[in-house]
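Scroll down for the structure; my scribbles are underneath it.
Here the chain labels run A, B, C, D, E and F in written order, and each chain numbers its own residues starting at 1.
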């Protein structure tokens, strides 16, 4: 299955960069069929770009709510692709730079990719690369024009490139024409109760009897928030409980877990 | 017919630039009467600019939805014109440049053209040249003023120039007065079922029985997306199928084809 | 009459600049009474500025739809004025310049004019000089303030100046107060059927029987588009017909003419 | 009376600058009681600033429609004041300058004035000084803040200053708080029939019988346009009539006068 | 009472700067209880800042219509405080400076104050410091952020600071959060009939019988306009009357006074 | 209890910076259960970040009305954390700097933190860091993008960071996506009557009989304003009363207290 596939592949490409690994700090667990399907489709694109002659450039957008696992999924595809050039472009490594400098760095990544026969570029959090803010809205048109052109520019003869984008602001990207610039778009969903349940089983921090209730309470939450919440709850009401819980000696108290959940939704 | 005409002419001008050829990576197939008619009219303009005395400058805009074949058509007219100077101006070759630098490069192309007795300039994706983005909308007024003036400025005595523009944002160009700056405008359409059917026959990747259904499903799709979709489907559900299909040994499975189509419309 | 008057005067001032002549590439034909009346009034202003003491500065705006003949008319007045200094200021000669440079060039033209006892300055396509674009709208306020001041600044004692402006965006000019800056404004109209008929007779490219129908079809078209359309039609459906038609051996086929007309209105 | 008062005073101050004289190119005629009243009040302010101790700074705004005589009136007050420092600040002498340079020049005029015991500064066409344009609206806030502060800043001890402003955009000045910055505001009106009649009598270019009709037709016109229109009409329908009319040998033909009037209202 | 209190205190602090004295060019007369109350409260703040330990920074805003006496009141508090550092920050001393230079100057005043054990800073006409203009509205955000931060920044240990602001645009200051930045706000009102009457009695320029009528006519006028109007009226209808009136030999003619009042409200 | 806990802890970390201590100039009194609960939760986050492996970065926003005690609370958590690196980032220390310089300073604080195994960064008054002003609204997108990225960027391996933000403009932060950037958000409330009563008892400046009435009058006031108001009232109606009151010899007169309260709500 999906998870096993991942676990078989990952070690084989342990040489992949640290950067990509840090994008999935909590590892990869089985999150249900919808996540799995998208992973498989993305891996087919990896193959298509390898064999195609008419399409030396393929582009795919992963969109979904904040914390739904987009970056971790893109990083996983990059790691699993076994392509010689896999690079993540992220706003976090360009903090405070002028938009023209950011442009230059992005263009540089593409030009490096053009030198490799097979490349993957991950444009992570495209709205952040674009310096998007909903009021206005404001964003860097210089960068958006650069992306629009890069998403259309063919690599030189004989080179192949797959671009993976991620965003949690898909309607903004739609409105500036960036979605149209991608060949395909996949929606990464939040977790449903049954997905959460599987995740909680794997994590093994709740008493068996509490798992159903906890999973129910976490319905429609993104995977990243699930991890954060469990960690908060694991501290215990007066602190100091985490070690016992992660070592399996104790379980999270469901009442305290509800308390933390309420805090997260907003005190 | 149209296709044959093209095939007869192309070899004769094999000396045309690589740039123009890369604009039609999937070649030129017969896409139906509407595409053919526009090609013929554009070739009449090529002749008119050659013989006219009162109009040393002719301008023609090709507008239509994304992927409908505008760039490939303009490139084909350029190649088939046999003019000594044929140049494509595209945002992709000016990524990240300041608007004033872009202006200077565009003006340079026109001034080079003014030195040749007969020239064609293709202004590809004018909205991209203008750094257009629908929010606002924003665009470079410096470049739009430059284009408005260039579309009106006569070449020096004895020189002739045909300008071909392409755009998928015709209503924007209308609103800033650029459409009015062109002598004629043609609309490049998406494909209707009967057009697609002809294309699919030529490509020969479906079982005979599936062609009608496939063509029906692809009604109202631009030619460029038709190519992309077929290539995706040709990988097969588990990958690895492309070679067999392109070599004609196997056909695309219609069920998998529908799957891919759904992905494209948005998962 | 108007046309004869022109033809008598023009040779006398053959020394007028090439620039002005290039503004009327298709010559000047009789376009009907409305064009004629405006020409005569403009020539009266030429006289007034010569003899006046209280008004050393006169300003006149020619406004009308795109292609209605404004530039050709202004150029003709300039040529016919016999003034020692006649200069056209046009955006086409200032492409890509910064607005402050454009300002400086415009001011320079006025200061040159102030050195001549009698001068005419043609501000051609004022909306283009102002870098106007309807979206926003945007325009250069630096240049508009410059024009507003220049239209009010008196030449030095003993010098006389007539400023002729042209525009196809009169309501915009109105809204920024530039219309008020002109002493008089004339509206240059499109052609009515009876005007077109006269023009077609003079051009002699239609069979006698077709003239009425053609003129009817061209009702409410500007003179410049009439010329463009006739030239397109003169190529013939399959090209190659132009020479025969202009030499008078053949006439334009009315059916093909209708076809071209339809293209122009938008395919 | 008003006119006589003027004529008595003007010679006495013939030393006033040429600049001020050029502001009333058509001289000063009796324009009716409303103009006269404002002139008298403005002359009282001249006296008040001279004798006051509590108000070393007085400010007065003359507002009214374009061409109503504001600049000529302000210039006349300046000439008649007999103050050692009288200076007009006008956009025409600062064409194309950057707003900060304009500011500096305006401040310079005030600082020069602070050195004279008695000064008048005319801020002519304040909306033009502010680079105002109705679309937006746009204007220079740098200059408007400068004026707002200058209108409140006291001259040094022992110095007196009267500031006269003119504008035809009083509602704009109101909206940015500049009107409030002036101690008093006077409205300079257009001419009513009875005012025009007096003016026409003095100019003596119409037949006696036509004066009533002409004055009626010119009701509600500003004095400046009255002058312009009469000069146009004085050329005669075919030109060449001006000399005879100004010398009194002939009179303006009322029919041609109506024609010209119509042109001015817009052909 | 209030006035006497002032008169007793002022001589004692005659060493206060000339700048502050010039802020009350017409001196300080008794303007009624509302003005008096605010003066007293402001003097209590002077004491509070001296003795407090928990609040080394106090801030107080005086807001009210144009000319209501805000600046004169703040200056009086400054003079009467007997603090070693009293400084007025006014737009008039920063005309034409760039907003960043203004910021630097304002910050400089605060840093100078931080060196004195007890300081008062008067931020006069805050909307003018902010380059506020109602259209837009526009204002300098750089300066407004600077003020917002300065109004919150504590002086160094052992130093005390009272900030007095004045404004006639309180709703604007409210909307940008500057009002909230002040600990207390007082509204300086226009004069009511009974206040005006007292003022007129003290000035002694009307015949006894006219005082009631005049005070009635001046109801709801700010103190500053009252002074201006009286001075205008004191010139007399034909000028030259001022001396006789101020010396007490003559009184202002009530009819002429009404005339002037009408001019001020707008002719 | 909460207060005692604080008092036990504070001395232990007396080495904490002066900056943090100045953030609670009036010390920390018991303000009721709601304040206490938030303090405890924040201390749990301090523990979580210490022990967690999956979350080396935790972020927490304290939002609430102006003066509700956010900064004092955050400073207290910082002091009580015993972390080697605790730093407050505040607009007051960056007055007048250009937004890019502010960015650089903020980034510097984070990079310093990345060098310490355990760090707390307090982003105080985030709306002020962002140069927010409600009109427009305007704010620095450069800084907001920087914060958005910093709130997501992981510290290097082995380092832990807790970011505490404070704001009184939570809906603005919401609208630009900054709230979503924080893992948890707590609302710091104004005081209710029963909270105020406790505070007043501790301060001991009212007669016993007046405490209920005073507490009632102060219902729904932020703690910071309570302190300010009491200090104003402590001066007494004619000044000079403060010492007697703080030394306990006299009590605040309730009538004068009501007077002051009215002033604060706006005279």
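Keep this in mind: a residue touches a chain if its C-beta (ideal position, glycine included) is under 8 Å from a C-beta of that chain, and two chains touch if they have at least 3 such contacts.
Treat the numbers as computed from the prediction; the structure is a model and nothing was measured.
Hopping across touching chains, the smallest step count from chain C to chain D is 1. Set against the Cα centre of chain F, the chain with the most distant centre is C. The pairing of chain B with chain C is characterised as different-residue: of all residue numbers used at this interface, under half are used by both copies.
Here the CA centre of chain C is 61 Å from the CA centre of chain E. Each chain gets a centre from the mean of its Cα atoms; for chain E and chain F, those two points are 35 Å apart.
Judged by the touch criterion defined above, the protein chains form a single closed ring in which each chain touches exactly two others. The ring sequence of chains is given as C, D, E, F, A, B, with chain C as the starting point and chain D next. Residue ranges of chain F in contact with chain E, taken from their complex: 22, 25-26, 66, 91-92, 95-96, 128, 131, 133-135, 138, 227-228, 231-232, 235, 239-240, 242-243, 263-264, 266-267.
Only residues 38, 41, 43-45, 47-48, 51-52, 54-55, 100, 103-104, 107, 137, 139, 141-142, 144-146, 148-150, 152-154, 175-177, 180, 183-187 of chain B touch chain C when the two sit together in their complex.
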